[in-house]
Amino acid sequence: MQPQQVRVGILGGSGYGGAELLRRLLQHPLVTLSGVASRQYLGRPLAAAWPHLAGVTEATFADEAEVIGGCEVLFTATPHGSTALLVRQALDAGKRVIDLSADFRLSAEDYARWYGQPHPCPELLSTAVYGLTELHRDEIRMARLVANPGCNATAANLALAPLAAHGLLGEQVLVSIAAAASGAGRSPELGLHYSEVNENVRPYKVAGTHRHIPEVEDTLGRAATMGRRLKTHAPAWRPTITFTPHLIPMTRGILASCAIYPTQDGVTESELLALYGAYYRAEPLILVQDELPQTKAVFGSDRCLITVRRDLRSGWIHSFAVIDNLGKGAAGQAVHNLNVMLGFSETLALLGALWP
Amino acid sequence: MQPQQVRVGILGGSGYGGAELLRRLLQHPLVTLSGVASRQYLGRPLAAAWPHLAGVTEATFADEAEVIGGCEVLFTATPHGSTALLVRQALDAGKRVIDLSADFRLSAEDYARWYGQPHPCPELLSTAVYGLTELHRDEIRMARLVANPGCNATAANLALAPLAAHGLLGEQVLVSIAAAASGAGRSPELGLHYSEVNENVRPYKVAGTHRHIPEVEDTLGRAATMGRRLKTHAPAWRPTITFTPHLIPMTRGILASCAIYPTQDGVTESELLALYGAYYRAEPLILVQDELPQTKAVFGSDRCLITVRRDLRSGWIHSFAVIDNLGKGAAGQAVHNLNVMLGFSETLALLGALWP
Amino acid sequence: MQPQQVRVGILGGSGYGGAELLRRLLQHPLVTLSGVASRQYLGRPLAAAWPHLAGVTEATFADEAEVIGGCEVLFTATPHGSTALLVRQALDAGKRVIDLSADFRLSAEDYARWYGQPHPCPELLSTAVYGLTELHRDEIRMARLVANPGCNATAANLALAPLAAHGLLGEQVLVSIAAAASGAGRSPELGLHYSEVNENVRPYKVAGTHRHIPEVEDTLGRAATMGRRLKTHAPAWRPTITFTPHLIPMTRGILASCAIYPTQDGVTESELLALYGAYYRAEPLILVQDELPQTKAVFGSDRCLITVRRDLRSGWIHSFAVIDNLGKGAAGQAVHNLNVMLGFSETLALLGALWP
Amino acid sequence: MQPQQVRVGILGGSGYGGAELLRRLLQHPLVTLSGVASRQYLGRPLAAAWPHLAGVTEATFADEAEVIGGCEVLFTATPHGSTALLVRQALDAGKRVIDLSADFRLSAEDYARWYGQPHPCPELLSTAVYGLTELHRDEIRMARLVANPGCNATAANLALAPLAAHGLLGEQVLVSIAAAASGAGRSPELGLHYSEVNENVRPYKVAGTHRHIPEVEDTLGRAATMGRRLKTHAPAWRPTITFTPHLIPMTRGILASCAIYPTQDGVTESELLALYGAYYRAEPLILVQDELPQTKAVFGSDRCLITVRRDLRSGWIHSFAVIDNLGKGAAGQAVHNLNVMLGFSETLALLGALWP
């Protein structure tokens, strides 16, 4: 540990998001991991939860108060609902927080509606910045509290933001998601049992019930009406997202396959590709490409690959984005946000993919 | 072999569709398998192509002419383009044919447009009946030539036909397909190599390029305008299908996940479920259920599970259908058609699923 | 239900073994399924546990006493330890029992040693016949209680019995098992979570700790010293099995890969193949083949494929057997035993494989 | 590119070994990738072969002569047989070579016997050092030509070397391998087709036919008789390895599951663990652990996890090693060797695992 390094802590270090935070933060050149908490594994070595860390670190899981106390920046990868109070505790102690839970992504009204309970700390909502790095970089830089986006929402928003920004998004947008099993977490349950998931694809939380919907509607509304600069939770206009997620037999990866009937009829595929390319031109982690993307090309990585197509028969636009749900969809975006918050080179400790 | 049994033959017996025909026909109580052809395995035992048939049958692969000559009903599971001539040969010899290739599913104009070559035997197209059993049973019964539907088209058509029949389908229909790898056949290629498919999902043939589109538009147009009785290739009206297939890391199974903006705004989810239930009431292989369907529930089987949802926020209807691409999507439907053609009990030799 | 049919019941109908019993018994021509019990799903439709049975049966899960009372033959697919008492209850009521648990496979001494508790009903052990059909057919025919073998033990025993019977087995035998996840059951736990099992292979219960070891040693000892006729639990001689199981990312299937240093040095590979072929000549479910077997060739089936090789460099014999752990390794063997017990044609309701 | 960096080139950059070399060398701080060749993709961008490198590098595949000419150290990941001549060309041009093919791993006699052809360049064999880094570090440091070990051989040798070094290895050693599909390369063939590999396990090249056998016998013979220092191909003593590989449905990973009947009867499990720990004490990439290892813990990494067990019932020792076949089993070990050859810190550019 060099003196100038920033001390960071993790709450929820025994979930998959925690593992991916560890993978990045343990090798971050300007950061020291000062503590990792897990209620389930308290006092045990990290390797008790993570066999791949045996021999890599001797650290043990600490309790939450200790981790909060010992860090300058805190990552919370704990369940929604109970996370807000931990965040408040950290903010009160003067820490900056990057929250991977859903607790600070929505307005109090939307939180109550979509999560079925009153928001635990509504007074903090105005402090939170929605952490879709590419769209809210300037506010993230100064933020004390970043609400790291949901994995499915990240894929959908990155696939659609350029259309929103150019006024091409109509009132109605359809998003079909193919999601890997790790997005559902590490807690054992029948629906995630190997023998039930393997050789199976099934839709879930369809027809307006998935909790990432309001994140997408907010973000695209802001992209359409306010550009990249403003973080307000309630844009003047929001599209209605018809969101259809499907669980597929895969460990990592999300494909967002979007269909948009454009407001301007004449736009061509090459114009769309140019428009996407320009929108993400300066982004180190986004690649707009001609080819249809595939999730294996981002497996283990913090990148997002995107393309766009126009169906000449039907007039619909398709946009496709692939991410690793645990990388760009969670821990990678969180560390990207850390780098932005601390003024570091943005891609420090971020990762590329492996193939096959 | 009992004297009254019908002799059936298979061309293309070393592909996956052929294997599934064998599984059903070898145990069909009223049928004798009189010959199986494969150019690649000519003269070798069936078990050379199919390790699971070792010890089950001593039969060897014969040549095509011999198989055609020895049967009363012929299944062709050979590549499109070259199949039409084999079909003509069989029809000329007085055989009835169930063709699993794409050669007799479309009008000559559509065939030329979608398959990039003039139809090899346009004079036979008026003889062919499109073999979606549930919609064209009466014509299939009398048919000399049945064009067995495409696997993706079957899933989409079954998911959408009730809406079409009730005039609820608008001009525009979106179909998202999650398709298993066996649907792409058994010929080795990089895109189907294990290490490239596993842990990967990718869209393919999107934006109006998939060849099953005209089958779906024809079928739904007929369902909307002519009911179940007529086989004409050119209905007066056809919806435009926006078709988006995705290859997922799975051996068997198709999920059709459809989105329809209804022509009548007031229709409710329970009305839709009732309407679907009534449409398929008498069908032995279709189950309309409340639960979201999953492909594992039809793995290895000839059934199709369907449900329908209405998104109250956006107004869109979702319908979901799952089939086994090699069962109801290919061999199962072909044997179902055989049973109809021969006046047998319809579900003879058809199969249920296994779990897990 | 025809009057002459035999009424059978199942306890433990919501586990994977139960599902596979249902798949066979629902289509068995001489059997009526009179009741299926599950504590977890009591009173609910079978389809609540088994999505693939929706629309196939309207039956609901009954309680155990009711199922025992209503049947003539009972299958118990419940956890070891608690099953013995249910078996006693059924025997006391005059029923015949096929027990898929481990409760009646071992002597009281071995049970206590390997399962860590005194045997619950030691007085019944002399009633039980170990149900490896191919080796104990004559006793099974007359048995009131059949102890259906363990899945891994079945694969190992079938791979090794011919060597035992010919005195070729030395004191030491090595068995390496590649086992699919469904063999570990349907109860959710971290080690069977999709994201932990996929892309992972791991040894488990190695170095003399797996509970199927004494079953294999008993069976091979009997095969070596008493032939196929006698069921005594304690043969005069038993080999020592070094048993090394590995969990692989697969839903179904077991490969037993055995290594034997033969007692007679001169035996050749072709002699071994002949010897295996002769040993299983009359067996409808066992195929001795030249090719190395693969589990996909028995997926979903009740067959066992076997081959044998001699390594000329080292002198070791290898024998390989593949089964479906839920078919021949559990439900298929249980139904085979039922057919034997009732004097039916042996393969009634037994199943072949599907490919791919 | 900084002036003091070493220029390295790759032949065979479109195979899986090539991809993993790229992943490490593109981020190696002391190395510049001066050229990558692929006959199949000549002149096209790396991203044409590797979708995950789109946007990461603009480099194109060059021809072999150009790559050889432009580098100081050459990696050859080309097919055996044809590689030897390329190696000679590079050595003649004064380059150092790390050869990932099998061409320089064996003596001329063994090469002819196991690869079925005379060695193309026997005069170079005395130049080659077998590149199992942990055993031959000193010779590798000075080597002009390193023969990078086979993937299965690496797992087996690391699992067994400590026993060899302590004289505990008898004449006979059994090695069972569970191998992922990527080890068989990227060329499409039926046996590696997704639908044939998924849900399937099968033995292959058993009974003394696998070409990694002589590598293992040589290496263990040297470890037993000459320690870590000497590279001679023909040790005075070699054990006989009974080698049984199995292909499992997985993309990456090898488990070597070894069984050894020890020469000394009294050795205990804790003594064995201590002995293994001491043997690998200074090794940065080897972890001897108490727990049974699993391949997921090394997925994507260059590490090897090992444990050892003693079966008290049978007396056999089991040792287990897991590696990523493309990491420690190929590219990772090659880059490790590069670091040793160039006097760099040994783990530069080497990688840890990701979970799940």
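As written, the chain order gives the labels A, B, C and D, with residue 1 at the start of each chain.
The definition used in the following text is that a contact is a pair of C-beta atoms (placed from the backbone, for glycine too) under 8 Å apart; a residue touches a chain by one contact, two chains touch by 3 or more.
Just so you know, these numbers come straight off a predicted model, no measurement behind them.
> Looking at chain B with chain C, do both copies bring the same residues to the contact (over half shared) or different ones?
same
> Considering only mean CA positions as chain centres, point out the chain farthest from chain B.
Farthest chain from chain B, going by C-alpha centroids: D.
> Could you grab the centroid distance between chain C and chain D? Build each centroid from C-alpha atoms only and quote it in angstrom.
So the centre of chain C lies 39 Å away from the centre of chain D.
> Just give me the whole-number Å value for how far the CA centre of chain B lies from that of chain C.
One centre to the other, that is 37 Å.
> Could you put a whole-Å number on the gap between the CA centroids of chain A and chain C?
About 47 Å separates the centre of chain A from that of chain C.
> Residues of chain D that contact two or more other chains, please.
16, 182, 195-196, 198-199, 249-252, 293-294, 296, 299, 356
> Quick check: in the complex, which residue numbers of chain D touch chain C?
That would be residues 172, 174, 176, 178, 195-196, 198-204, 206-208, 213, 240-242, 244, 246, 248-253, 255, 257, 259, 261, 292-296, 299, 309-314, 316, 318, 320, 322, 356 of chain D.
> Okay, in this complex, where on chain D does chain A touch?
Within the complex, chain D touches chain A at residues 16, 19-20, 23, 27, 50-52, 54-56, 182, 198-199, 251-252, 287, 289, 291, 293-294, 296-301, 303, 305, 352-356.
> How about chain D: which of its residues touch chain B in the complex?
16, 181-182, 186, 188-190, 192-199, 249-251
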